[in-house]
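Below, chain A partners chain B and then partners chain C, in two separate complexes.
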Partner chain A sequence: MRPYIDKKNKMTQQIYLGLFIIFFIFSLLQVGILDERIFQAFSRVENLLKGMVPPAISEPIDVAGAAVESLQVAVMGTLWGVVFSIVLAMFAAKNVSPHISISYAVKAFAAFVRAVPALIWALLFIVAIGLGPTPGILALAVNSIGMLMKVYAEAIEEIDTGIIDALKATGASQFQVVMQGIIPSIMSIFISWSIFRFDINIRYAAVLGVVGAGGIGWELVRASRVMAYDEVLGITLVIFGMILLAELVTRFLKDRADMATLKAME
Partner chain B sequence: MSSLAKQIDTPVEENKVPDMYKDLQRRKKVILKNRLVLWAIIAALVTWAWTGTNFSIAFIYTGTANMAAFIFTDLLPPDFSAFGRYLQPALQTVYMSLVGMVISVIFSIFFGFMAAKNTSFHPAIAFTSRAIIAFLRAIPALIWGITLVVAFGLGPLAGTLALGLSGIGILGKAFADVLEEIDQGQVDAVKATGASWFQTMGQGVWPQFKTGFVAWSLYKMDLNIREAAVLGLIGAGGIGYTLQGNINLFQYQQASVGILMIFALILIVEYTTAKIRERLL
Partner chain C sequence: MSEVVLETKDLSMVFPDGTQALKNVTLTIKKGELVSIIGPSGAGKSTFMRSLNMLNKPTDGQIVFEGENVLKARGKQLRQIRRRIGMVFQHFNLIKRSPTYQNVLHGRLGYMPSLKGGLGRFSEEDTRQALEILRRVGLEDQAFKRADELSGGQQQRVGIARAIAQTPSLLLADEPIASLDPSSSENVMTYLKNVCQEDGLTSIVNLHQVDFAKKFAHRIIGIKAGEVVFDGSPKELTEGITNHLYYSK
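Entry: the complex of A and B
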């Protein structure tokens, strides 16, 4: 029996692999990657690079302002995302939620908000409340809520029920349980995920301008529309620097927090 | 052994308790001071961002209210007659993600092997590969899309290449990290039998690498479908292009079909990748 089963399993695998390859080739044809343009790739990229080097920025003040705005949008989006996620996570976690149906409702909301990409949210917020940084902030906040609420709720669900029971036994109110029992237990998970989300938000903030939500993305689209290749590269480098800078700052903050704990442990 | 561990091991002597209390207070002070500095930095960042973007708490309320009004009056009910128009772009999004994933997997295997210290030919090559990977990762897919649309024209080709390029940044790093963590003993054992480079890779490295390889590649597929859905906004093919067309023409009820289809696409792809992951691992 055994060799037969092995043979069957192997055959199933081969069939799946075959189907995958057929689907892949079909996709290749659909995407049009075997286009004549791909064979001109070298000359096209060469042209592009010739136009790009040396990178230039024609309006440094505007670009710098847009980069700063992107960073600010990311900070604000993360701030509100974190604030609302904490509150909603208290309702989403099964062990602290007032009722189980509320928990499911909040989690379903989070799943939907998470599945719609941030840029689509930005597009919708622009239609709903107009141009500027505010739709960008709200879009990032909403998209962050989807992800952060899930991880916060999971962290809360995994904490030791003994802690909560002990607090309840002392006659603590629901608010006191949250402040003294839950928040200290999830603090480290909370910090690392919030920082991670900030890194994601920086990247989103850099591209939000593509749909008109302010920031450096708009400058990039503008430059690419007028075929100013050197400016495209210049602005891309600014975005690169901006993301690196933000990552350095978050790493510094994280290291500093860890260092303090280590120092106190000595 | 750190001093803390020593304290835990040695029994507490009565006359030393006041000293220990002082020590505890000193430690608490260190942590408190550090926390204050951190919170001050964060508060400064937030104030800077708050004033810079002219934000006000009222925006949250008005934003939510406007959004709710927009959703219930303009977006709903979805006009499902637009479904046919969205089907082709939706499928194109899937094709783009798949091809983008395969491109990034192929190149990431190469860059990953070159970037991992234990499989690379030379430390200089490892360093260069890491640098290339880091550069590709730091720039979002959408920005690669903008640049590639300039080079290759509008259409799914630019979007697919953008997905592939940004994918190398993510998968290359992941593969290199997985490779660096494999057990060198197994590789050495295969090498000791006189195996060639390819045999060593196939018999010593691949079995340990497989799990991480499959998991990360499927994760990339999940990411790609999200990226591909918005690449259309810059004309790089896929469902986003049709969606933006509808929004620009104020056809919100048709646009809501597009949003629902993006949602469904993401769920279907995530479900499928989860099933494949279960089967393969």
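Entry: the complex of A and C
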């Protein structure tokens, strides 16, 4: 029996490998990566690089304003995402949801929201609302909900049902059970996921501007349209600095949160 | 002579999976009684106790608590019944990350408006009372520690303090010492009995250990396979009855 299974496994493996190779070669031919243009690219890149140095920023105030707007989009998007995720997670977690079918419905909604990328949400909201930071905030909020609601709900489901029973037994209302029992119990998981999500959102916020959803991405598009490559590099460096700064801040917050948890556990 | 606090009539419980956990349990508990329910694991002790405050809903029968029909109660009325029934759990069921005094204050939630209680805006009077109750269970020094920093026995005393903070007319304890070592068990049972006697509380305590039950209670009820098979004073509980309860089929 055993050798037979091994043989069968090996054969399926070979079939998969064969299919993969065929697909790979097909793709190469179709997409034309081995185009002669790729060999001409060297001179183009040379020109591009020459155009980029030294980096420049012609409108420092505009660029700074756009960078701040990106930060704002990230902060607001995360904040709204967190708030809605908490509320929805209370309906998604099986152990606190009013009904199991509500739990499934909310989880399905989150799965759908998660499956659609942030850029697509931004495009949809731009169509609905118009250009500017608002569609960017909404896109990040919705995209965050897809992820945060899932992890919050999982954290709630891991809670010992005993503490829910204990608070119910005191005559506490559902709201009180959530606020006094569930939230304190998931606080540290909740904080670390929210910070992690902010890290993701700051990166998204930098590129959302490319489709017109506010922030520094738009400056990048503007500069590259007029082929001001020195400015493209300048703005890229600003984005880099912005993300680095945000990362330092979130790392500091995370360390603080970990410290608090450690201290409490001593 | 003394008034009835709790009455159950033909209380039955069949779980959705078909397990019959309670069969026609009919009992009357009078004011001031200290009752122990004993019986082997799986007898239905927890199910009976959790039915009294509707943590699980019996499928048949009646529960009357201080004249109110518990099984008919919903929403606000149910919360008002629950706040008069304190409950102590085997695994303490404290909010581990919250400080001790806050766990005691949770006993006041049923008396507060939903929003105010949810936001933890407990009154000064409630806080003072909570600290006083902690003193009564010998934990005044631990009031501001996180609940999970306390030992098992101490955590269970916080559990008792939370129940007492409800100013209940009935105190339920479901195997309060089953996860404690022998000396903590002694200690917790002593505190439990003391607060019951000081406040003239009516109390029902599920206990696996017969010796603790005899020491604690005025009245012992034996449950086996969901049915009451013994109801009498500790003296009337002979070895023969205990053997029947725990060992015979």
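Following the convention adopted for this analysis, the second predicted complex is superposed on the first by the 255 of 266 C-alpha atoms of A that agree within 3 Å, B and C clash if a C-alpha of one lies under 4 Å from a C-alpha of the other, contacts with A are read in each partner's own complex, and residues count from 1 in each chain.
The criterion applied here is as follows: contacts are C-beta pairs under 8 Å (C-beta built on N, C-alpha and C of every residue); 3 or more make two chains touch, one makes a residue touch a chain.
Given the structure is predicted, the values throughout are model-derived calculations rather than measurements.
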| item | value |
| --- | --- |
| Dominant contact partner of chain A by residue count, chain C or chain B | B |
| A:V226 touches, of chain B and chain C: first, second, both or neither? | neither |
| Which of chain B and chain C A:S173 touches, first, second, both or neither | second |
| Chain B versus chain C as contact partner of A:R44, first or second or both or neither | first |
| Which of chain B and chain C A:I163 touches, first, second, both or neither | second |
| Partner chain(s) touched by A:I61 [first = chain B, second = chain C, both, neither] | neither |
| Partner chain in contact with A:L253 - chain B first, chain C second, else both or neither | first |
| A:G181 touches, of chain B and chain C: first, second, both or neither? | second |
| Residues of chain A that lie at the interface with chain B and also at the interface with chain C | 264 |
| Complex contact set, residues of chain A against chain C | 160, 162-163, 165-173, 175-176, 178-181, 184-185, 187-188, 264 |
| Chain C residues within the chain A interface of the complex | 50, 53, 55, 79-87, 89, 91, 93-98, 102, 106-112, 114-115, 117-120, 146, 159, 162, 166 |
| Chain B contact footprint on chain A (complex, rising order) | 23-24, 26-28, 30-33, 35, 37-38, 41, 44-45, 47-48, 68-69, 71-73, 75-76, 79-80, 112, 115-117, 119-120, 123-125, 127-129, 133-135, 137-138, 203-204, 206-207, 210-211, 217, 220-221, 224, 227, 229, 232, 236, 239-240, 243-244, 253, 256-257, 259-261, 263-266 |
| Sites on chain B touched by chain A in the complex | 2-4, 27-28, 30-31, 33-35, 37-38, 41-42, 45-46, 48-50, 52-55, 59-60, 62-63, 66-67, 69-70, 74-75, 91-92, 94-96, 98-99, 102, 135, 138-140, 142-143, 146-147, 149-153, 155-157, 160, 226, 229-230, 233-234, 237, 240, 243-244, 247, 252, 259, 262-263, 266-267 |
